[in-house]
Amino acid sequence: MEYGVHFLEQITPTEAMFRRMDRVLAAGRTKFQNYAIFDTRFFGKVLTLDKDVQSTERDEYVYHETLVWPAMLHHPRPRSVFIIGGGEGATLREVLRDPSVKRAVMVDIDDELVAMARTHLKEWHQGAFDDPRAEVCTTDARRWLEEHDERFDVILSDLTDPVGEDNPARMLYTVEFYDLLRSRLSPGGAFAMQAGMILLTHHRAHAIVHRTVRESFRFVRSYTNMIPGFFLNFGFLLASDAQDPDGVGEALITQRIADRGIPLRHLTGPFLKSRFVLPRDLTAAIEEATMISRDESPFWMTEDGAAMQG
Amino acid sequence: MEYGVHFLEQITPTEAMFRRMDRVLAAGRTKFQNYAIFDTRFFGKVLTLDKDVQSTERDEYVYHETLVWPAMLHHPRPRSVFIIGGGEGATLREVLRDPSVKRAVMVDIDDELVAMARTHLKEWHQGAFDDPRAEVCTTDARRWLEEHDERFDVILSDLTDPVGEDNPARMLYTVEFYDLLRSRLSPGGAFAMQAGMILLTHHRAHAIVHRTVRESFRFVRSYTNMIPGFFLNFGFLLASDAQDPDGVGEALITQRIADRGIPLRHLTGPFLKSRFVLPRDLTAAIEEATMISRDESPFWMTEDGAAMQG
Amino acid sequence: MEYGVHFLEQITPTEAMFRRMDRVLAAGRTKFQNYAIFDTRFFGKVLTLDKDVQSTERDEYVYHETLVWPAMLHHPRPRSVFIIGGGEGATLREVLRDPSVKRAVMVDIDDELVAMARTHLKEWHQGAFDDPRAEVCTTDARRWLEEHDERFDVILSDLTDPVGEDNPARMLYTVEFYDLLRSRLSPGGAFAMQAGMILLTHHRAHAIVHRTVRESFRFVRSYTNMIPGFFLNFGFLLASDAQDPDGVGEALITQRIADRGIPLRHLTGPFLKSRFVLPRDLTAAIEEATMISRDESPFWMTEDGAAMQG
Amino acid sequence: MEYGVHFLEQITPTEAMFRRMDRVLAAGRTKFQNYAIFDTRFFGKVLTLDKDVQSTERDEYVYHETLVWPAMLHHPRPRSVFIIGGGEGATLREVLRDPSVKRAVMVDIDDELVAMARTHLKEWHQGAFDDPRAEVCTTDARRWLEEHDERFDVILSDLTDPVGEDNPARMLYTVEFYDLLRSRLSPGGAFAMQAGMILLTHHRAHAIVHRTVRESFRFVRSYTNMIPGFFLNFGFLLASDAQDPDGVGEALITQRIADRGIPLRHLTGPFLKSRFVLPRDLTAAIEEATMISRDESPFWMTEDGAAMQG
């Protein structure tokens, strides 16, 4: 191992990833967080926000295809998409690759992060912010949705976990918020979200979020994918009131990919569907969870990975 | 993070896992390697061999179910099994859970490691070494196979990657060795092996091993699973001359699990089958690999994860 | 840097030493603490107690000569010595090198640690435990002194810092305890102690201990030495009611070393005296300290290096 | 310990310092090296150059007073000073505090580093670069001296160790270079230099540099000081052809400090003199060294701390 700048990132209270950073490319502080962009040998540019590695140039397509396409391909023809968070612009970029899409609204609370991304994270957004179909707002996503009654075919939540008792994102993880999202979906609409890491010893957050979304939506399915740059399996949710994701078969997904000409690098129809098959121990953990996050007592994670409420 | 004893384990040349170890439970040195067993907060007992975390009490069932059952369930009725390596005894334990099995031969070169496992790793072997169906030999597996012409229904290779130019395990990764294995399979037999980590930036070893096994066996399929205690997706291979693993469907696997009463904690029929679906980028990496490991120039991995030959 | 077992040791809340450990030589748990002995490449055997590196084979002579000889050479002819702590036996070993010494009593509370040291730390004690002049008691040193009214020419305190609110060693750092020690010194006797690290940003413990000892003893002098295996300058105190250490000159010290034939590897007369000269910033820090540790509100250090009282 | 950006710095091949960095304040790359300035909790701003912590805001006065004042106070009235390296400007700042000084020439090869220091390291230079007595040149110091026959009362070398076979600083560590320096000293002149870490297991560089300087200068004395931000004792040399540093007593040093009104924060006359007293083991290491660095086979240090030649 070489010496120099490293990033030490908590995975569990006793396990951490230790990564060598090369040159600092950019660094600063927004109203909400410190950010830095480093070069690294294998993962290219790495974006860090406070104490977390947020995304890497080399593998971001794995994460973003996994977040975006299950919902987009679940829908027969998504014309409008709403994105919660996603400041790097890569979720927006993926969404705009679908030729069905006529309008994509992205709402991220951190305007300085979005401005920084425009300048320094071109590999992520690839110009998506300037696509005429895109509208980027820098405000609280919940407020935006409360103030607009526009409906969308797909809603995507690209947030980090609600870590810390005073984390404002807690209010974007409650039944009431998911009810709001549901009310902003067009008939037949689908909602997908990043939903916490899937680690045998520490996937409590995923189970709670799953159970909370299930309080609101009729059909909710967990799916997972290994995110290489996180060295973790991550959990996602696909929810809909209109159709069980299990009912949209592999052949139909494959057909939609082909029909719309989606240029996927990681997913295929079969691989996408295989992501929804869960191991026995994870299914049990989800079914055993009882905590539901509500506005009156929203759940949050401690720094040590415990789930708290209220 | 707390202070004290930690294990720093290479994942790539610039990324490492850093894990807190609690009390040392046992430590020593065999002819082949240093070993230590530590207590840890979340993963229970952890076995380290030289510079690597080898296995953890909490998640070993994930690894061992993944290694053992695809081959065992591929076969309609495996009566005899040969295990290469697997010194902790957990591969043997899993194999013996199949009531079809009448004989299981395990060959691990490190007799002192096996003796240590008997004493200190009861959670792993759970008495399997004393099962009357088991025969445990401590010698070189290749030599054993060369000296015996017994045939087996299933062969399982539970080895670590061939790291280092002088690693004796290199000769257990060549076409000639796989040909030997093939000759020791009964008609309809299947071979499965641990086959390297699957990490976007570093899965070269898996691709090479896949291509090498394909030189010998008619049907070869890669499958993967996230191993929690390794913080990595791992690759495995299932090979057979008799039947393409793809031809053994989910329903049949589920039926065989039920018929034989296999007490699985992680796998289900659907989840097992889903493990064989690969993402586009991994399929491409396998198909692009050209290195074949042969006795005259066996492949090996450098400490830095590069693949070398000769 | 190599991978494998490392010891991560707090120096400040944001700075830590990270050391590679080779083979585990011994490990266990006493009533008071976990211990382990590791081999290391440059420092030889390293003894760790819970989260701290306690001593290393290669450099222990630097620490032990520094603790022992200023007091021993301050005294014209130390016949009896009392040692508080010092379980490894190296303080005792050094004391017994002085041919003046006829009796050395060592009291360490951890009998299992002393037993372990006898077996595994021969490089430290070098048989001192078996010297007919030595008496080793495993009880609380304060209780021993309260129960015996024997007087000694030299008293040495070889304790770790009182870290933690419930640390029993807190009662060995109060004015009342130092008064007790004073009452157990023969006329002309001297007391020396290990007294915390001297680090520009974190030498508060040393200043408090200095001020506390000064409440009891007439003459108190700080001295310091770099302890290589700790990567820190450490503070010590030499106290006496009989004579100011400053009054015992370099020539006299050198003469006493020669007369008694002390086999020093690190110290010389001039170097020993030079240890008592402090830099301006450290002198100021000592003079500015106001906290005094008393039985009714003994001081202690937090894990983060802050000084607390009460 | 907290998570986030850390600096891992080699001390020995198996021991490293691990320091938490807060916000990145500046970062970039000169022709010669990468640099970054981070905030830290206890040491304030920290300057890193490639893989090394170079200096910290909180403790730089300790290092710079130690480098500068022994030579400056050895000389009865230093009017001209030549500084090799010292890009942060703090050596220059200290030198200019002596009212005797009429001219100070500083030559550092890295013009971009000096420009960066002007902007971002004001706590170090405190405006010294703009002092009318200062001349700052950004070229190779050896070339500058070869091209100018000006003589100086004091020469100070503020370089890092010659690590790496292709390190251009190797030619600033040879007998021939020291002969050049000697020829550029006024009668009565003194030369002082930073001369490697003093660590029991790893002070070979200091011994070699000491012996090499002794080939050139008549009087050469080693002195040491603990540099808090390095967590190491560092070695320095004071050399002169005119007078043995040992002959300039504590009283005279104290008098000169007072006469010139030097505002010292760390040093005092007695403490400065005490720095020249070496422990027995270090003296032995210096006397046992035999390697001499010459232009034809200049010495260098490997990354692992071994001394090489040629």
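We call the chains A, B, C and D, going by the order they appear; numbering starts again at 1 in every chain.
The definition used in the following text is that a contact is a pair of C-beta atoms (placed from the backbone, for glycine too) under 8 Å apart; a residue touches a chain by one contact, two chains touch by 3 or more.
Note that the structure is predicted; figures quoted are calculated from it, not measured.
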{"item": "If a chain touches chain C and chain D alike, it appears here", "value": "A, B"}
{"item": "Farthest chain relative to chain C (centres taken as mean CA coordinates)", "value": "A"}
{"item": "Length of the line joining the C-alpha centres of chain B and chain D, rounded to whole Å", "value": "55"}
{"item": "CA centroid of chain A to CA centroid of chain B, Å", "value": "33"}
{"item": "Length of the line joining the C-alpha centres of chain A and chain D, rounded to whole Å", "value": "51"}
{"item": "Junction residues of chain A, two or more chains touched", "value": "1-3, 8, 10, 16"}
{"item": "Residues of chain C touching chain D in the complex", "value": "1-2, 8, 10-20, 40-43, 58-59, 62, 198-202, 226, 228-229, 231-233, 264-268, 270-271, 273-274, 277-281"}
{"item": "Residues of chain C defined as touching chain A within the complex", "value": "1-3"}
{"item": "Residue ranges of chain C in contact with chain B within the complex", "value": "2-10, 16, 21, 23-25, 27, 29, 34, 36, 48, 50-51"}
